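So, here's a batch of structures to check.
Both complexes shown next keep subunit A, but they swap its partner, so subunit B is in the first and subunit C is in the second.
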Partner chain A sequence: MGNFGQLMDGFAIALTTHHIMVMVIGVLLGLVVGVLPGLGAPNGVSLLLPLTFTMDPISAIILLTSMYWGALFGGSTTSILFNIPGEPSSVATTFDGYPMAKRGEAVRALTLAFSSAGFGALVGVLVITLLSGWVANFALRFGSPEYFGVYFLAFASFIGMSGGSPFKTLVCIMLGLAAGTVGMDTISGEGRLTFGIADLTRGISFLIVVIGLFGLGELLVTVDEGYKFDGVKAKLSLSVIFRTLLELPRYWVTLLRSALVGCWMGITPGGPTAASFMSYALGRRFSRRGRFFGKGEPEGIVAPETADHSAGSCALLPMLALGVPGSATAAVMMGGLMIWGLSPGPMLFTTRPDFVWGLIASMYAGNLIAVVLVLTTVPLFAFILRAPFSVVGPLIAIICVIGAYTVSNHMFDVWLALIFGIVGYVFKKLDYPLAPFVLAVVLGDKAEDAFRQSMLSSGGSLTVFFETPLVGTMMGLGILLLLLPLLSLLFGAIFGRGGGADAGEAADHQTSRP
Partner chain B sequence: MKNQVFRAGLLTATALAFGLTASGAALAEWKPDRPVELVVSAGPGGGSDIFTRVVQAALTKNSLVSTPLLVVNKPGGSGSEAFAYAEDNPDSPYKLYFGTQDAYVLPLTTKVTYSMKDLKPLMTMASDVFILWTNPKASGINTAQEFVEKAKAAPGKVRISGAKAKDADETLVTLIERAAGIDLAYIPYKSGSEAAIQVAGGHVEANTNNPSESLEQWKAGNQKPLCVFTSERLADKTVVADGVSWADIPTCVEAGINVKDFLQPRTVWMGANAPAEAAAYYTDLLKKVADTPEFKDYSTRNVQINKVLVGDEFNAYVAEQVKNYEKIYKDNGWLLSSGQ
Partner chain C sequence: MEISRNTMEVAAAATTALVGAVVCYGSLENGIAWGESGPQPGYFPFCIGSLIVAGSLANIVYTLWKGAARASAVGPAGEAAGVVAAEPFIDGTRLRQLAAFFLPILAMVVISAGLGLYIGMALYIFYAMRVSVGYRTITSLLISAAVVLINFFIFETVFLVPLLKGPILEYFGIY
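For the complex of A and B:
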């Protein structure tokens, strides 16, 4: 257990008064940045980067990572309160977090989100601590077919579970894939679906889609259907926080499953956003109360939050060990490493153990500090909901528009967000699911790249996807998940359990039974 | 430890550079009185981004400027967004544009709104070199000759990964193909570090990364340099791994692949109508940056060719490069006009 010895040295480095101060400041800045959609962790970290030039690398990375944790937590806050995901990875939190807050249980929703997120992060760091040497080698085994396998599995787990009309889901996925195609194509170097509009060559940012569909779309629906927010009833007593914390161990299955999904997606190139979606989908399929997902179910908050944060922590490992950033924020931090004179790569662990283990130790401490700090903000945020809609509504609109602009300082993005707002409204009215659309925008482009790279590399033969046990297993699992609704339908038909929708529910019962 | 010849070369280069500005010193009374934007033609974490932020760090740490410096990333349209921004702000003395050869290569292949007339060339601060890498354990290739032989034996089957399509890496691959008379399968990835992992993991036979992108994998024994695309061997004699230093890597011409001097210059530009005194001020300032320990560290770490080009020398370089690229792109059928 050489790792533990080194971790203890790391703690000695990380737990100085100076570094704890740095963590607190980082987390607080991150919270602010995370709450504003569009500004987000990547932008926040790059804004802070110049300040770190004069710091020593360990303090600098602790500041940046603490800010990252803060931003991840902050992102969940707006998801739950206003249905605006502050970070791409907190989209899935809106599915159940917002309905729960709407019901007047904002404090419970926020507490559930923060505490399960903290749990996920700690599992992630633990995995890093124990497996740091092994993970670097494991990640090297990922060629393009394996990348595709990861994305395919994420897609399959989501499609396999979706409720409602399968045709509507399909339409949404196709539209999402089309939206993801816009812009420069990696493989051919040509612009696609740009219609000669210069602004479209930059592609459609995922954040813009999310701000439009969720933030503005929900706002339009609210205006249309009348304000039914029960925030006024929200109790602000501290006892709710403690009661919710005690409630958490009940979801241990979901917690563990989600943490595993998160670690897997963090180590492989899936990333936190895909992790939270996949975990939510699996939660919905395998939880006893899966049918109630989307209506403010506690597990529907726990699942994506846990996965999001464990993936977020684990994603730092490929960055340090391979020099391949697992997320946009990691890319900015990696740039920082190089400017401070460190080279991320397999040798960093041996050449600068003080840096690596100081960082890992700070991840334990930073996340604990973040959970405590963020829990103290819960009453404050819940209080905002007491304001009447005539105050909150315009505020949301302003936040959305500013957020859309800050993504990359383009006015065009603001128009795009407004268009997606209308799209979101229409989707909601016609009962088209938003989640598959969003997932397709996030993963479609990456999956396509990986697929075409695999085809170039194999000379066009599909057998590459089944050549090694690693990719074969992922593809096999994916296909199984895809076929699951079909199989359960068949199952239902054999046992004579009525129509398709019923059969789907019956299948839920079957699978959840131990 | 830097080699003496290299250092002497550097000294003369900087001495020359200072000599040149002395004549312009009378002009250089101008100073920015507002925050200066450093516009990058790449996203955060990319090569040009790190280049720009190193310049920013060197300026800040050595207190060379008193106004704040803002790094602005404009990676859209393969970086053309940054230069289109220069077109929109032709006379601003508060905006500097940082890029590579992309500034003059992009208008050749892609439909961009700007043209070279919208840019005022300032300088090249250093140039990155390209190296042919492989993972001998996975590919069984140990020398550039073996690489060529293997490609000849299996046309179109030897895979080579690189960053982006029709960019520096793919251009270089087409040059290799033509020089050695071979056919390779080029696979584009999002970045050089991803391309490095594909080679290190044995999924792809080779890549043409810059030294820094593959250095750590070389140290870890997952990659090996075969040859370097410069006319002379590299100067750095520090042993990196396996008792081999940068200077021990043969040039590709020596190794039988006749591709000379394919470089990636780190360039700086301004808007076309920016005031001359501002341009003189920034040129002078950036020359000082090139001499700071921060920039030298960066340059050494990236095994760059440390030659500053300014004024007419830089203009002549750009003109020559544009001609070269036009020729290569015409041969590849990538020119914008030929595609229509």
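For the complex of A and C:
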């Protein structure tokens, strides 16, 4: 249990007054971001990131992760009270949360959501605590071919497990990689894909991509869908909250299953959104009360919420230990780490243990703070949401525009963000997945470097990727995942038209309508 | 004006294919060959561009194939596809709403590029509150002033991140 001692050191760093203040501010900002549709966790973190450049990295990452927790929690508030998911990952919470709230059990639904979310997050952080050191140690043996193998595996699993059209995922990943290659080539020093435009030699920042795709794009989708609040009033009563908390252990099967699903989907880059849908589907399939799902069944809230949050926190494990983020938000944070001069990956555990363990310790504290704050601020945010969208929308729009400008103080970036906004709108409506796009922008350079360094060391022979059992297994798995859609299509054709593909498409369709 | 989902699918895929082609073309400048010590700088982008083109073409084929299948097939398969396709990508009303929301943002960016972000956002918020929401002129003015002041305070004072001021504010000595 070497990790335990380090975790205690981490707590000593995280539990200072300064850092607890940072957590409270981060969680509150995150709640705002999570509650407002059109402002999501990835976008919120991107907007805040340029403001943290002057902070010390530990405070900065605590601020950003706290905002992430806040956003994850805030998304559920609107799902339950207004039937409007504030975050794509809380779509599944609306299915049972809103019916329950309509029945007059809003407080019970909210408490269930927040406490199971807290449980999910706790499991996620425990997994990080127990596994991250081990994974990092394992990854210390990685050379560039292994790293390329990991990146390849990450992208392949998006294509193989996307549920939607694999070709759309492919196009998104490749567009992201293309955006990442614009600018100076790290190895030869040549400018690439700049077409003689001076502004492009600086490259396209992943922050601009996120602000465009997730911020402006989502805003346009919200306008398009015509946005109406049909809110349910919630009056908090402590006795209901306590009774619901006592009720929670009854759902231990659902809790554990959902947490497992979440951890798995968070570590492999499935992300919280996919995790919550999958957990909801599994709950409906396996729960004894599965047929009541969709009509206001408590387990229908517990399942997606637990998975959403355990996936959300587990997504930080591969980011820290391997340098491969498990979700769009984790990708943004990883980009932040690189800007602060830290290189995510196994070396971080030896060079900056204070940073890593301070961060992990702050996850425990941050989630606890988030559960308390989210419960106490429900009336406040319910009030904010009564403001019409025609007022809130323009305010979000200027936040995005200013955010794009502050990335590097160039108006050119704002234009790029507008373009990415339109792209994000069209892609979202056509069910192109956006998370792999962002992941590819952040990872593009590193993936290419790993590839070219392996080529340099092997003298240009591709066999280097299959030489050792480790890298060979990763590449093999990746190729298998790439072929997965094709295989399932074949199986479908042989064994009649399976419901699997349809269900995946339906879930994907629902994901795209926040 | 109504745009069907299929039209948009094909248009989007054609656009991504075009982007892929541009990426391929751009990478030619850096050399796409396989040199002595591994690939040249353009090799990776060229592969990416080619994959974008290939994926986009596959998307077009898939859309057209699905459309054709729906036209001919009756039964569960056709029905399942029909659920998605019955909804148009966008209709006239929503397109106008979208334009009414997006064009002012575009105008704000154009103005901001010339006159600075604060003036751009002031005009934009005033327009949005006065015209889109329909608040009274005085209310709209107050909101817009409040937004500018809050942003000025947050960015210039708290975080020391200067936003673009533009010639007018600079004339008045605000940098």
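In this text, the second predicted complex is superposed on the first by the 273 of 514 C-alpha atoms of A that agree within 3 Å, B and C clash if a C-alpha of one lies under 4 Å from a C-alpha of the other, contacts with A are read in each partner's own complex, and residues count from 1 in each chain.
Note that in this section a residue touches a chain if its C-beta (ideal position, glycine included) is under 8 Å from a C-beta of that chain, and two chains touch if they have at least 3 such contacts.
Since the model is a prediction, treat every value here as computed from it, not as a measurement.
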Quick check on the superposed pair: does A:Arg192 touch subunit B, subunit C, both, or neither? Answer first, second, both or neither. second
So, A:Thr54: does it touch subunit B (first), subunit C (second), both, or neither? both
Should A:Leu480 be classified as contacting the first partner (subunit B), the second (subunit C), both, or neither? neither
Of the partners subunit B and subunit C, which touch A:Ala178 in the superposed model: first, second, both, neither? second
Is A:Ser390 contacted by the first partner subunit B, the second partner subunit C, both or neither? second
When the two structures are overlaid on chain A, which partner does A:Met21 contact: first (subunit B), second (subunit C), both, or neither? neither
Applying the document's definition of touch, where does A:Tyr405 land relative to subunit B and subunit C: first, second, both, or neither? second
So, does A:Leu462 touch the first partner subunit B, the second partner subunit C, both, or neither? neither
Given the touch rule stated above, what does A:Pro325 touch, subunit B (first), subunit C (second), both, or neither? first
Subunit A residues touched by both subunit B and subunit C? 50, 54, 185, 187-188, 190, 409, 456, 459
Complex contacts: residues of subunit A adjacent to subunit B: 42, 46, 49-50, 53-54, 139-144, 184-191, 196, 198, 201-203, 322-325, 328, 331-332, 334-335, 338-339, 341, 343-348, 408-409, 449, 453, 456-457, 459
The answer for subunit B against subunit A in the complex is residues 43-46, 49-50, 53-54, 56-57, 60-61, 69, 71-78, 80-81, 84, 109-111, 113, 156-157, 159, 164-167, 170, 185-190, 193-194, 196-198, 200-201, 203-204, 212-213, 215-217, 219-220, 222, 297-298, 301
Under the definition above, what is the set of subunit C residues touching subunit A in their complex? 5, 8-9, 12-13, 16, 19-20, 23, 26-27, 29-30, 34-42, 44-45, 48-49, 51-52, 55-56, 58-59, 62, 76-77, 80, 84, 89-90, 94, 97-98, 101-102, 104-106, 108-109, 112-113, 117, 120-121, 124-125, 128-129, 132-133, 147, 151, 155, 159-164
Residues of subunit A touching subunit C in the complex: 50-51, 54, 165, 167-168, 170-171, 174-175, 177-178, 181, 185, 187-188, 190, 192-195, 216, 219-220, 223-224, 226, 388, 390-391, 393-395, 397-398, 401-402, 405-406, 409, 411, 414-415, 418, 426-427, 429-430, 432, 448, 451-452, 455-456, 459-460, 497, 502, 505, 509
